[in-house]
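Both complexes below contain chain A, partnered by chain B and then by chain C.
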Partner chain A sequence: MNRWIEKQRHLIDFTANSLARRKARSLGLLVVYTLLVFVLASVSLYTHALRNEATRVLAGTPEIVLQRLIAGRHDLIPPGYMDSVGRLRGVQKIEGRLWGYYYDSVMKANYTFMVPTDRTVADGEIIVGPALERSRGLAAGNGISFRSYSGELHTFIITEVLPHESELVSADLVLMSEADFRRFFTYPEGQYTDIALWVANPREVRNVGLKLMEKLPDSRPILREEVLRTYASIFDWREGMMLALLSAAILAFGIFAWEKAAGLSAEEKREIGILKAIGWETGDVIAMKFWEGLLISLLAFLLGYVAAYIHVFHGNFALLQPVLKGWAVLYPSFSLTPKIDGLQVATLFLFTVLPYTAATLVPIWSAATTDPDTVMRG
Partner chain B sequence: MSRPSNRVLGTILIAAAAFGGTFLDAARQRIAHEPALQHTEALVERLRLSDIALFTEARYTRHLSQADLHSAFQDHPVALEHFPSGSMLPPPQTLLKRHEPLDREAAPSD
Partner chain C sequence: MIFQPAIIALLLAAGLSLVMLAAASPFALQVLRHWDLGSGSERQLRLERMTYLFSMLVALVCGLQLLATLLFVFNADKMSVMFVGAMCAVGALNANEYGFPALYAQLVLFFVATSWLAVNRLDNSARDYPLIRVKYVLLLTYVPLAALVLWLQFNYFIRLEADVITSCCGSMFSEEADTVASEVSAMAPRDAMILFYAVMSAAILLAAWHWKSATRGIWSGLAVGASAIGAFFAGLMGVVAFVSLYIYEHPNHHCPFCILKPEYDYQGYALYVPLFTAAAAGLAAGVLTLFARRPSLAALAPRASARLAGIAALGFALFLAVASFMVLNSNLILLD
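Let's turn to the complex of A and B:
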């Protein structure tokens, strides 16, 4: 065993020296390889952590949200609608939600205006989300004016800013009293945006959804399960533009690595010829090249992955964030909780380390099994 | 340490230790983030929120789960979905799979 280890160490010595002789080429390959692993790992770590965080925090969302549709568009819940929903068997609690969007032409940003049910906000006062505080430079005690859709200017005093730690869900929120909300949007009295409802038996949620559809054909129930599924599938890492763009990079790297690994240079062929002429066995030559492929790809994987981890969980995904932000002016600033999927890391490992190592072996096999004289003459 | 193999294996070992370190750091951060996550969960429950505020640019991206199936294309028939974050979202087949087919199961009303 010791003899075997010593032999492998000598082979690694030889490989390291051989790589050092071709310093620029080897370093270039390592850098490109590391960068590719870095980008792939960054995307996969970020999306996995975001998916996890979203499904975790949204676990408390209402069991069913009931919307009313008219001609395929979301419409207001008329008075009386709530009563017919409330009379359904299995419905435990029912609440009308009041919320809507407001486009702020000063910031060119969309806010979500909402009437909270868990607290009372006094008329003329609002509670704002952290992104609003940051982008408009607001603080508790400040006043802010919004021009309503009827053209009037409404002034509100900010009494509180929602906690930064919850920014992922509350970045653009503006909480106000029901009277203010109805006045601001000239929202008809007794009408609601949609209905949140809770079901006594969690296993009955689907049945209640079905009953709602039967009783109110113009309604669209959205189950909590659907909300969670939406966020479980968002940014599926095999889909989306970022990976479509990346596929070009992966392909380019594939060609580069194949060219480097599969096509032996005249110098390498000569080296193999000489090694065989001085008594190296075919197995030794292959083992030496195997070490070369493995060391480069393993080092690239480790460095790329560690850099990606730091980028995503300590650097806030800074390099790729512009792609995610899109046209949104208000963007939550949040640090994700690291949630690493072992299978994902293993997949990344298999897809980056194995193909390259295997690609180095194929041409070596054919070169190493031929006569040294033929190999040296090219 | 003068042998090249020692230097190479040493480098790999340091990189592997850093790799292992990411898992330890992840565990540490998960514990540190737990209270904030719990507060966020509570806020979602209290305010009856249904979506994360990741894309605030359009209605159907701000409240993804509340958007109806064709809201991205409803400006006019055959309208192309034009917000950049739309391209980050899964394609329509997945959209259809995400929604419960309650409308197909419900009996027609009289």
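Let's turn to the complex of A and C:
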């Protein structure tokens, strides 16, 4: 065993030296390889971070949101509807929510107006999200007017800007009092936009949902786990699409690696010829080439992955952002929590190292089986 | 759901393996038909030269299968969030009827791959390619198995539908199908423990004896191989029947996959890595003793077999120690 290790150690040593001697050639391959890992790793790190962010954000939301439908369209919750839900076993809290969208023609953007249930806002005052603060240059204490859908102008005083940490969910948010909300939208008294239900036991959520559907056939309960699942599969799908598109790049890289490995220079051929002449076996040459591939692969993988990590978590994923993030006028600016996932690293490894290894197999073999005699004579 | 990175990677691995093996099979047939070490003909020289390429190729495929097996289980666990009622890999694998067959086929492929690698190593260490025919017969049987794995995995993944919200007409309440159960039935803990410790100790003793004994007969080698298979199943049975209960500290949760999750500190890897290594080594030890009668392998085969048996003995012992530690360290009291 020790002899085997010793032998491999010498082979690695020899390979590293020979790579260093052919700097330009090795560097070209390394750069292309690193670039490929970088792009693929950026995509996977970013989608994984987005998925985590979605999970984190949704963790605080109610387990079930109940909407009422008329002819398949979302409708308001009429007075007395909530009472008919009544007491359901397992439901901790049930609340009517008031929210809606407002189109601001100045910014050409949609805001979300909402009445908070966990805090009170005085009449005539509002609390705004960070994106609104940025785009309209607002600060606490300023006044702002919105023209309501009935044509009247309503003026509000901003008392507070929501913290930046929650920007992913609060970027375009405007919080106001219930009276203001109803006045602004001429919202019918006693009606709500939808109903939120909190369920303590996760195993009960589906049962509560089924009971709601039974009691209120015109309603549609949306479960938090369904929302989570939908987000997860959207992000996975986007990542998968990106990878499928990038498969052309992987293929091109495979061809490039093949070419690189197949086009042995006369000097390299001579080197292999001499090695074999002084007693190396075909197996030894293959082992040397194997170490060469492994060293380049590991180095490229490491460099590419680290560069991708910096790109995603410190460079805001600047190069590929529009493809994966989606689009909005008031897009929240947020920083992602760095996270590395074993499954993703393994997947990435398969996507990059495997094509390289497969592509260099035949060239390695043909180099290793060259006759010393033909090489040195030619 | 085919457009998921890990799924694409798995299908890529399975597809590439099949392509490479299929490319190697005409050569395998040639070797079986025309190989003659005594001859100095051009064809024989060409075959000898080509055999390096195909050994390398199959070694790559085998290595790939080891990685793919890990990725398959890992991925099944990650996908479980996509299905209503699925809590871990069992639920995801139960999402359609191809899931578990795909896993089993992948595991069989894993053990065939490790055995092939062992045979290849032994063959390379001898001067006169004594096992070349065996290797290529094995390769030819490997091809349909690789095709089966690809077919099962493709069918499994293409039929997966994530339970997501449909666009407009009401949220989807896909009924929790009976099949997507996250529980695995198991035997009574006391019987399982007796069987588990008996079979594991027998396997360890046999492997250790084969490792250290001077004779290293064919029969003891075969016994190590057979006991490795037995110990592998006994180990899995033990994990399902009682080790998992002690890890979860819950008298009814038998899942062999949840122990791989971060919630349980990835303890499953500490169990499965030694178990799989030991089983693969023990199986290979058994396979290699079959060749001890060949003249050029008379010394080499028993030595390689003994070394593998040593790995198997250590692996099973480690597995047993880790499992026992988990049981003793747990707060659950299952037996009075």
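Rule of thumb we're sticking to: the second predicted complex is superposed on the first by the 285 of 378 C-alpha atoms of A that agree within 3 Å, B and C clash if a C-alpha of one lies under 4 Å from a C-alpha of the other, contacts with A are read in each partner's own complex, and residues count from 1 in each chain.
Going forward, contacts are C-beta pairs under 8 Å (C-beta built on N, C-alpha and C of every residue); 3 or more make two chains touch, one makes a residue touch a chain.
Keep in mind that what you see is a predicted model, and the values were worked out from it rather than measured.
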*Give one of first, second, both or neither to describe whether A:R206 is in contact with chain B, with chain C, with both, or with none.*
both
*State whether A:T230 touches chain B only (first), chain C only (second), both chains, or neither.*
both
*For A:Y305, decide between first (touching chain B), second (touching chain C), both and neither.*
first
*Which of the two partners, first being chain B and second being chain C, lies in contact with A:L69: first, second, both, or neither?*
both
*Would you sort A:L27 into first (chain B), second (chain C), both or neither based on which partner it touches?*
neither
*Residue contacts with chain A in the superposition, chain B compared against chain C*: B
*Identify the partner contact of A:W365: answer first if only chain B is touched, second if only chain C is, both if each is, neither if none is.*
second
_For A:I222, using the defined touch cut-off, is the partner it touches chain B, chain C, both, or neither? Pick first, second, both or neither._
both
*Look at A:E95 in the shared chain and tell me whether it touches chain B only, chain C only, both, or neither; answer first, second, both or neither.*
first
*Considering each complex separately, which residues of chain A are in contact with chain B in the first and with chain C in the second?*
69, 72, 206, 209-210, 213, 220-223, 226-227, 229-230, 233, 236, 239-241
*Which of the residues in chain A come into contact with chain C in the complex?*
44, 69, 72, 206, 209-210, 213, 220-223, 226-230, 232-233, 236-237, 239-241, 243-244, 282-283, 286, 342-344, 346-347, 349-351, 354, 357-358, 361-362, 364-365, 368-369
*Flag every residue of chain C that touches chain A in the complex, lowest number first.*
1-9, 12-13, 16, 20, 49, 52-53, 56-57, 60, 64, 67-68, 70-71, 74-75, 78, 81-82, 84, 124, 162-165, 168-173, 176
*Which residues of chain B touch chain A in the complex?*
3-5, 7-9, 11-12, 15-16, 18-19, 21-23, 25-26, 29-30, 33, 35-37, 39-59, 61-66, 68, 70, 74, 83-85, 87-91, 94, 97-100, 102-103, 105-109
*Where on chain A does chain B make contact in their complex?*
9-10, 12-13, 15-17, 20, 50, 53-54, 56-62, 65, 67, 69, 72-74, 95, 97, 101, 109-110, 112, 114, 116-119, 129, 131, 162-163, 165-173, 175, 194, 196, 206, 209-210, 213-215, 217, 220-223, 225-227, 229-231, 233-236, 239-242, 295, 298-299, 302-303, 305-306, 309, 313, 323-324, 326-332, 335, 337-340
